[in-house]
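Have a look at this one.
In this document, chain identifiers A, B, C, D and E correspond to the written order of the chains, with residue numbering beginning at 1 in each.
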């Protein structure tokens, strides 16, 4: 799983119905920004655990949910390494 | 999911029948160009959400569709970071 | 999907039976060489679309085919960016 | 599979129920830190084998377990290459 | 599929039962060392084809085998590019 920092919610009005009404968050993975489905209810600046691969689908609620990156946990305490974002 | 910029449609006359007639788009992921199946109807210069992994198949319409990157949403507002394409 | 350039066929006499007699091609993905199963019948110097992830299996013919990269289409016209191979 | 070094356990109180009570470990993959589910019982400084992709789920105990990186073995003897972490 | 060079067998006494008694090999993918399940019977210095993703499981013998990288063929002749390991 990846250790990412939550940046902000993402708004996408025109999206496939399969996403339902789940919240999408922009997260920082190292230096690249990605989009993750929020399964725990996190807020900007939280350090979170993101699961990818096929596990992201079940983590988002069902085997047919179209996610490849899902936030599955908020890390209690995290110290980013100096000069790094993870 | 990846945040990509749509560049242009891709034409591939000689392709496997499994792709059916869905539109393919060339998208920019950071600095590398990739091909994604268009499930929302986007146009060049749109910033879009692309899902990969096995989730790309169901997002493209069915569990047996041979996609590993599917455009699943158009982002309402996106500001690329300076000197970056995502 | 990746945009790759076909380099040459690959010969592997000692391989698992699951590969059957399908052709393998060495392709160039950016600057790294990979092996892809040829599902369309391509030739050296063709620019092709390669699908990865679990979709590569069905694209190669069946859900149990052991491929993680399958050539699924030949691109009609492709202009590589200057100084790049994709 | 990846060759990683175990750094320390990770505590995430607010996480999805699907993770159950399995231990999570922060591991070092080259120079980047990731989170892996511990299926063997390892301790900091162990060199371990981590499996990713969909295989991480069954390796963690069941096909529906939401892991994309699972520690599946402890390496008996490992010599990291000079100037590298793997 | 990746083109890798076999370095040496890997010994991991404490590993999950799911690995059974199959041989593990340390392989070189470009400049990074990885672990692959050997499905063909290779030896150090062989150039091999490694399959990843979910296809690695069936290539290793069954859909539930916990591999994400399996050696599926030995390349008859391979010339690494100058200054590169693949």
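Basically, a residue touches a chain if its C-beta (ideal position, glycine included) is under 8 Å from a C-beta of that chain, and two chains touch if they have at least 3 such contacts.
According to UniProt, the chain labels map to these proteins: A, B, C, D, E = Putative carboxysome peptide A.
These numbers were taken from a predicted model, which means no experiment stands behind them.
If you average the CA atoms of chain D and of chain E, the two centres end up 19 Å from each other. The centroid of the Cα atoms in chain B and the matching centroid in chain E are 31 Å apart. Residue positions of chain B with contacts to 2 or more other chains are 52-54, 56. Chain contacts here close into one cycle, and each chain has exactly two touching partners. Circular chain order, beginning with chain A and continuing to chain B, reads A, B, C, E, D (contacts as defined at the top). Residues 10-16, 18-19, 24, 26, 32-36, 52-54, 56-57, 64-69 of chain D are the ones that touch chain A when the two sit in their complex. Across the complex, chain D meets chain E through its residues 1-3, 30, 39-41, 49, 51-56, 58-59, 63, 70, 72-77, 81, 86.
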